[in-house]
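These are the structures, in structure tokens.
One chain, chain A, appears in both complexes that follow, with chain B as partner in the first and chain C in the second.
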Partner chain A sequence: MADPVKLTIDGIAVEAAPGTLLIEVAREMGKEIPAFCYYEGLTQVAACRMCLVEIDGMPKLMTACTQPVGEGMVVRTETPKLAEARKGTLEFLLTNHPLDCPVCDKGGECELQDMVFRYGAAESRYVEIKHHHEEQQWSPVVYFDPARCILCYRCVRVCSEGMGVNALGIVQRGAYAEIAPNHTDHLNCDECGACIDICPVGALTSDSYRYQTRPWEMNHVGTVCTHCSNGCKTTLGVRNDQILRGNNRDRSGINGEFLCVKGRYAFDFNESDERLTTPMIRKGGKLEPASWSDAIRFVAGKFKQVADAGRRIGVVGSARTTNEENYYLQKFARQVLGTQSIDHQRSGDVVTLLDALAGRQNALATVEDLYQSKAVLVIGTDLAQQHPLLHWQIRANWRHHGAHTYSVTAGPVREDQHTVGAVRAAEGQEIAALEQLRAQLAAEAELAIVFGDSVKGDAVRQLVAFGDSLGIPVKYVCLVDYVNSRGALDMGLTPELEPGYRAAADRGMTLPQMLADEHLAALWVVNADPLRDGALAAKDAFVVVQDLFLTATAQRADVVLPSASLYEKQGTVTNVCGEVQRLKKAAQTMGAKADLEIIGLIAKEMGAAAKMGPWMADKVFTEVQQVVAGYNVPLPVLATGGAAQTAPPSAKIGVETDPALIRSARDTLFTSGTLGSYSRKLDSLLESPGSLYQGEDALALTAQ
Partner chain B sequence: MLFNEPSPLETKVLSRRFGLPNSQSVETFVANEGFAAFRKAVAMTPEAIIDEVKKSNLRGRGGAGFPTGMKWSFVPRNNPKPKYIVVNADESEPGTCKDRLLIQNDPLQLVEGMMIAALVVGAKCGYIYIRGEYRYLIDIMDRAIADAYAKGWLGKNIQGTGFDFDVFTHTGAGAYECGEESALLESLEGKRGVPRIRPPFPAVAGLYRCPTVLNNVETFASVPSILLMGGEAWANLGTPRNGGTRLFCISGHVNKPGVYELPMGFNLMRMIEEVAGGMKGGRKLKAVIPGGSSCPILKAEECDIAMDFDALKAVNSMAGSGGVVVMDETTDMVKVALRIMRFYQHESCGWCIPCREGTLWLKKILTRVEGGMGQRNDAALLHELANNMLGRTFCPLGDAAAMPTISIVEKFRDEFEEYIRRSPMANVAAEESELAVGA
Partner chain C sequence: MTLPPELEQKFSEIIGKYPPQHKRSALVPLLLYSQDALGKITPELVTEVARRVGVFPVQVEEVLTYYSMLHFPKPMGKYHVQICTNVSCQLTGGPELWERACKKLGLGHKEVSADGLISLEEVECIGACSWAPAIQINYDFHHFVTPEKLDELLDNLRQLQ
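And then the complex of A and B:
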């Protein structure tokens, strides 16, 4: 690295790397130079003229957002002259601003408001007529109020640079210049809402939050989004146990400020009218409301009866319950119910990958690695649709570091915008097609490989062999579907593997085998819906379902127990890269219980409470840390909202799993399994013409 | 195709071929020293050419007056990227109408200037960005370019010299802002015409982020005569540090408005009285805008001045683009300020806050004052708001709007106060006004 540059800011001597912008150096020093248009990670526009500073020897005021440090530079960031300049600029800004702060969503967390409080004039000298533009709705979630817009172009930049969607632009000029959507009067985009979050004022607002509340009336709870496996940190705005907003306003966590449409809007399933709020027991062919104690006693009695009779019990776990719940469930199944028939819907061949990489250090990529690796290879997946954070990371890596991106996919993907090697290969043919990229890949310094569910079984071993043959450090990400799909595997929700990928002594039935088993006596389904597109062969089986909604499986159940959602729980989840993050309870739904508690209550009723241990998330996690290989992660990292990657097993797993069991749901941006189907917001986007990609935009998913 | 009869006081260098029969053709051009400078340049080293241009004291004719030779020397000639020549023919500064004559009467002189610049930096391609309103000029330019290709003066291996050069015309779409060099490049690249952050300057990262020589039409058109006369002789036509001649566009209340080629440093009063035939109707001179509407205005008593970059800067004005607007005693300066501000408000690209909002506010105040509804402190407010724009905008358009306003309010404040005295709102100040909106 080049020698640091020495300069003085407000009388304080500092050093900074050459090329660092003054505004960044000042920020490091804890000095906030005011700015609207400057935004870390996006290109410079220098349009707002707020960040002006005085530099000795320069006749004009300079913009700190474009001025790199210079040796011996003497900079002043707060002087009467600068205060006057900022006051003048703010006065200009307010001339055509509606000043409707009392009803504006942004009031209280508005950067313009803050700035006017700090630098602005108390009185307006503007006596002319303000020009007004009507508010516009651009999509089911995006509203635009042009009068409030200060034209900082953050939205335009985050959409084009960050997302690669290019749905926003500028029309007209001068005082009449306006941000405009790509389809004249509506948006055809990812509906990610990044433009809304990044807006410093209340010009862009979201359908779900607008006119709902004021920011200071909410609790802001940092937890993890419950939808896909990327595990984005989200900050939920909660008032009276109702979630009103999802964003990541503190830019914390593995995703920074990134969230997709699901993270920002699809929390509304939590408030769905169809949420189950009371246990139900089937009586006379109908599910009738029952008390918790009756329902638990009934379930425990049945389970005991079936177990004591030595009849077969199947347990189906979930990809959207916590690690603690998954661990506790399999422990209960194996130790109390005495069954090895426990499974869940698998969506990626993590097992084969971990087996192939056993004993290696640094072979699994983190979300951060996708932003740092000098090259990234994407195989058999459309990340922009299915794993939006990973797409964002790879794109940001290209934007900020010039990383090379390669793809081997069935159809066009958004990475094509900046790819250095794109190969089209039918599903299942990806590994053979890799050879076309061999020379290019071998010339890279390092590589991160992300692969979807079409690469499974032997193909995974071939992929690792290919990676080894390149002679460069390679890291892998095996894609899985949901928020804790990875954790479900880690916690041993499979008949062949116990927690930490230890081979099970004797194997029980897999999920399809359970469904096909005519002699199955009981089936316990926790937050899963295997009967949505499957049938239960055992007509008389006693079926218990824990879920948020009356799913297809719940409709078949004999007892239905209402679960709390991931937003209503404590615990941890493990994302697609094997990173563990901790949840924070944000809300609660009356009548629903966390699955951990439900399992605990059943255990207690069956007299197995002592064997199972307390059903407190922290206690269970302590056990997980001791029992599950790789989960001995540093607690302070989790406690402070960080993500800690688990270590892969140190030895070969040595258990073959059936690749046929692995099937991704291939959700798009606008679907998310069971939860997604109860999100009115996602529904409205699916039904809204123009909100989905059409024609040329159709991405690989539909091409497949 | 001239606006006016030539004046005997003119020094015809750039305009020496104006009015010749068929002056746009290669035949006429070549028969009258055309491409002679190019031939000379082919035999010179790039350093020698730059040296001649430096010696000529040629300064950018678009308005900023930056020494052209120095600008060319900034282009990194060893950069592996392609180099481009771009001509700024987006002539849109109110009061300026010289580039159109240079293209209309002698388009190949411009092409020759481009070719010499291309020899200097090793460019193979040049673009002429012509303002959209100059539709007819594009046709003339295209015909001249086609003629040059047909006669072997453009294209591959020009006249057996081994030098390749292509020229294309490109039209603007009616935005004043695209006369700003970086906005011009954005527009030329097919993007929205807004200025770029500088540095890097076009010399280093211009068109398609490649090294680019970007000059005004008149600047390029001056280069062939510099090489033919020699830099020093050309420089001696003008004043120290302001070499050569330039085309002054004299408009307003004079008897013979028109475009006249005069040496740099020509006296403004002589220009009005002797070249442009004196004040119309014998009325008294009141004020002059010396170099296009963005230049601070000169009062009559300030007009005994040499018209070059340094002398005008010394009186806090600018030589600008050579658009001399002469106003007599009947001129209403409030209306002048309003007319100028209407232009800049209309042309503000909207990129940065002070210019976007400032021009509109200033226009609204001026409209109100002119409409008889001025308030007590409006003149002071105009002055302060214009000062709040000055030096704080992204590109010079904000300054271009602020500077004339400041100077008009300062120098003709009594006229504003007279308007306000007659207003029923005369005793109200903005911050006390019931019209004031919000906090």
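And then the complex of A and C:
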């Protein structure tokens, strides 16, 4: 690495790597040089003229956002001359800015407002009438108020550079210049809302949040998004138990400030009118409201009766409940109900991957690895649609580090924009098609491989063998569907594997077997909807369902218990890369209980409370750490909102699982299983793209 | 979108002038030639040009709306009359010519006659200050324009039809 450059900023001697920008060095020192257009991670435009600094020997003020450090440079960032210059810039910015701060969503966290407050340029010498243009709605999510825009280009850049969508541009010129959507008067895009979040003023606002509240009236709770398996940290703005906003402006967590449409807007299912708020017991063929104590007593009684009679009980867990709940549920099933028939809908062949990689260190990639690895290979998935954070990471890796991206997919994907090797292969044919890339891949220094559910069973072993044959360090990510799909496997929600991938002594029924078993006496479904596209063969089985909504399965149930959403729980979840993160309870729905508490109450009623231990997330996690191999992660990391990757099992798992059980729901950006169908926001967006392998065509972009 | 053969040839010629990795630089000449050849720039053409030079359609729109000689989305007339009212022309009768043209044609700034034949635009300096007042009709300059000469020019346009 080149020698550091020595320079002086505001009388303080500092060193910085050659090529570092002055604004970055100053920020490192804790000096905030004001800037609207400069944005870390995006290209430079030097459009706003706020970051001017004085540099000795340079006759004019220089823009700190484009000026690299120089040897012996003497820089001043706060002088009366600079204050005057910035005040002048602000006066220009305000010539057409409406100053409607009292009604603007951004009021209180507006960068322009802050700067005007700092430099005092609120009074203008201009007396001309302000140029005004009416507010426009561009999509069910995005509103644009042209008058407020200060033309910093942040939204344009985050959309084109960050997302690769390129839905925004700036049309016209001078005072009439304004942002324009890609389809004249509306947007056809991912609807991720990054443009809204990144806007320094209130020019872009979201349908969910606009005119709802003020930023200081909310509690800001950092938790994990409940939708896909990427496990983005999201900071929920909550007022009176109502979630009003989701963003991650503090850049904490594995995703930095990235969120997709689900993280930013699909929290609305939480306030859906259809949320269940009271337990129900079927009486005379109809589900009737009941008290919690009656419902729990009824369920416990029935369970005891069935278990004592030695009849078959099936338990279906969820990819959306916490690790603690999953662990507690399987413990309850195995130790109290005495059944090994416990399963959930599997969406990726993690088990075979872990078995194939047994004993290896550093063979599983983290979300960060996808940003750092010198090369990335994407197999059998449309990441931009299905795993938006991973797509963002890989794209950022290409933007910032020039990483090579390869893909083997069934159709066009967004990675094609920067791919160095794209192969089209039908589902199931991906591994054979890999050979076409062998020479290129073997020449890379390292590789991260991301693969979808079409690679399962033997194909996973073949993939690992292929990786080994390249002779370079390779890391893997096996894609799964939902926020805790990975955790459900880790916690042993399968009949063949107990927590930590220990082979079960005797195997119970899998999910399809339970549904097909005519003699099933009881079925307990926790936050899953197996009857959505399946039927229960046992006509008189006693069915208990814990869910947020009256799903197809809940409609068949004998007892329905309203459970809390992930935004209303404490606990941990494990993302697609095996990284554990801690949840924070953000809101509460009257009448609903966390699944952990519900399971605990049933256990207590059955007299198994002592055996099960307290139903407190922290206590259960302590047990998980002791019992589940790989989960002995550092607690301070979790407590401070970080993500800790679990270690894979050190020995072969050695249990055959049926690849036919693995089936991804193939959710896109605008669907999210059961939760998605109760999110009005997602419903309103359910149009194109919304389908896989459309690549750029989905956005009606340039077909190369 | 299929282009007329001559324009297609022009496209290849223009794009061929730039290194492949910089073919987006051909954007402005492509748009200017298309506008002249087709008389207007349509959304289909925007998509086509974007595809040819490897940018997104919205980026073509950015360029189209930035440059005043490119007219989008509203096309100008077959004869685009541009009257300069910048300093030199202002001192020598440009504004009078502008008002006279407006009255005579019944058109305002960037307006097009109903038959699409003539359009009018008040423009900034066209670089003909030595011969002010000057006007420009399509690519032809007319120097030292008097009200009579303006009438004659405008009448001629009708006859050219």
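Criterion: the second predicted complex is superposed on the first by the 686 of 704 C-alpha atoms of A that agree within 3 Å, B and C clash if a C-alpha of one lies under 4 Å from a C-alpha of the other, contacts with A are read in each partner's own complex, and residues count from 1 in each chain.
To be clear about the criterion, a contact is a pair of C-beta atoms (placed from the backbone, for glycine too) under 8 Å apart; a residue touches a chain by one contact, two chains touch by 3 or more.
If you're wondering where the values come from, they're calculated on a predicted model, not measured in any experiment.
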item: Touched partner set for A:44, first chain B, second chain C, both or neither; value: first
item: Partner chain(s) touched by A:528 [first = chain B, second = chain C, both, neither]; value: neither
item: Partner chain(s) touched by A:151 [first = chain B, second = chain C, both, neither]; value: first
item: Which of chain B and chain C A:88 touches, first, second, both or neither; value: first
item: First, second, both or neither for A:99, with chain B first and chain C second; value: first
item: Which of chain B and chain C A:52 touches, first, second, both or neither; value: first
item: Partner chain(s) touched by A:60 [first = chain B, second = chain C, both, neither]; value: first
item: Partner with the higher number of touched chain A residues, chain C or chain B; value: B
item: Contacts of A:126 with chain B and chain C, given as first, second, both or neither; value: first
item: Partner chain(s) touched by A:173 [first = chain B, second = chain C, both, neither]; value: both
item: Footprint overlap on chain A, comparing chain B with chain C; value: 169-170, 172-173
item: Touching residues (chain side chain A, partner chain C) in the complex; value: 160, 166-173, 180-182, 184, 700-704
item: Contact set on chain B toward chain A in their complex; value: 175, 177, 192, 197, 345-354, 356-361, 364-365, 368, 375, 381, 385, 388, 391-394, 430-431, 433, 435-439
item: Chain A-touching residues of chain C, taken from the complex the two chains share; value: 43, 47, 50-51, 54-59, 61-62, 64-66, 73
item: Residue numbers on chain A that touch chain B, as the complex places them; value: 44-50, 52, 60-61, 66, 85, 88-89, 91-96, 99, 122-131, 150-151, 169-170, 172-177
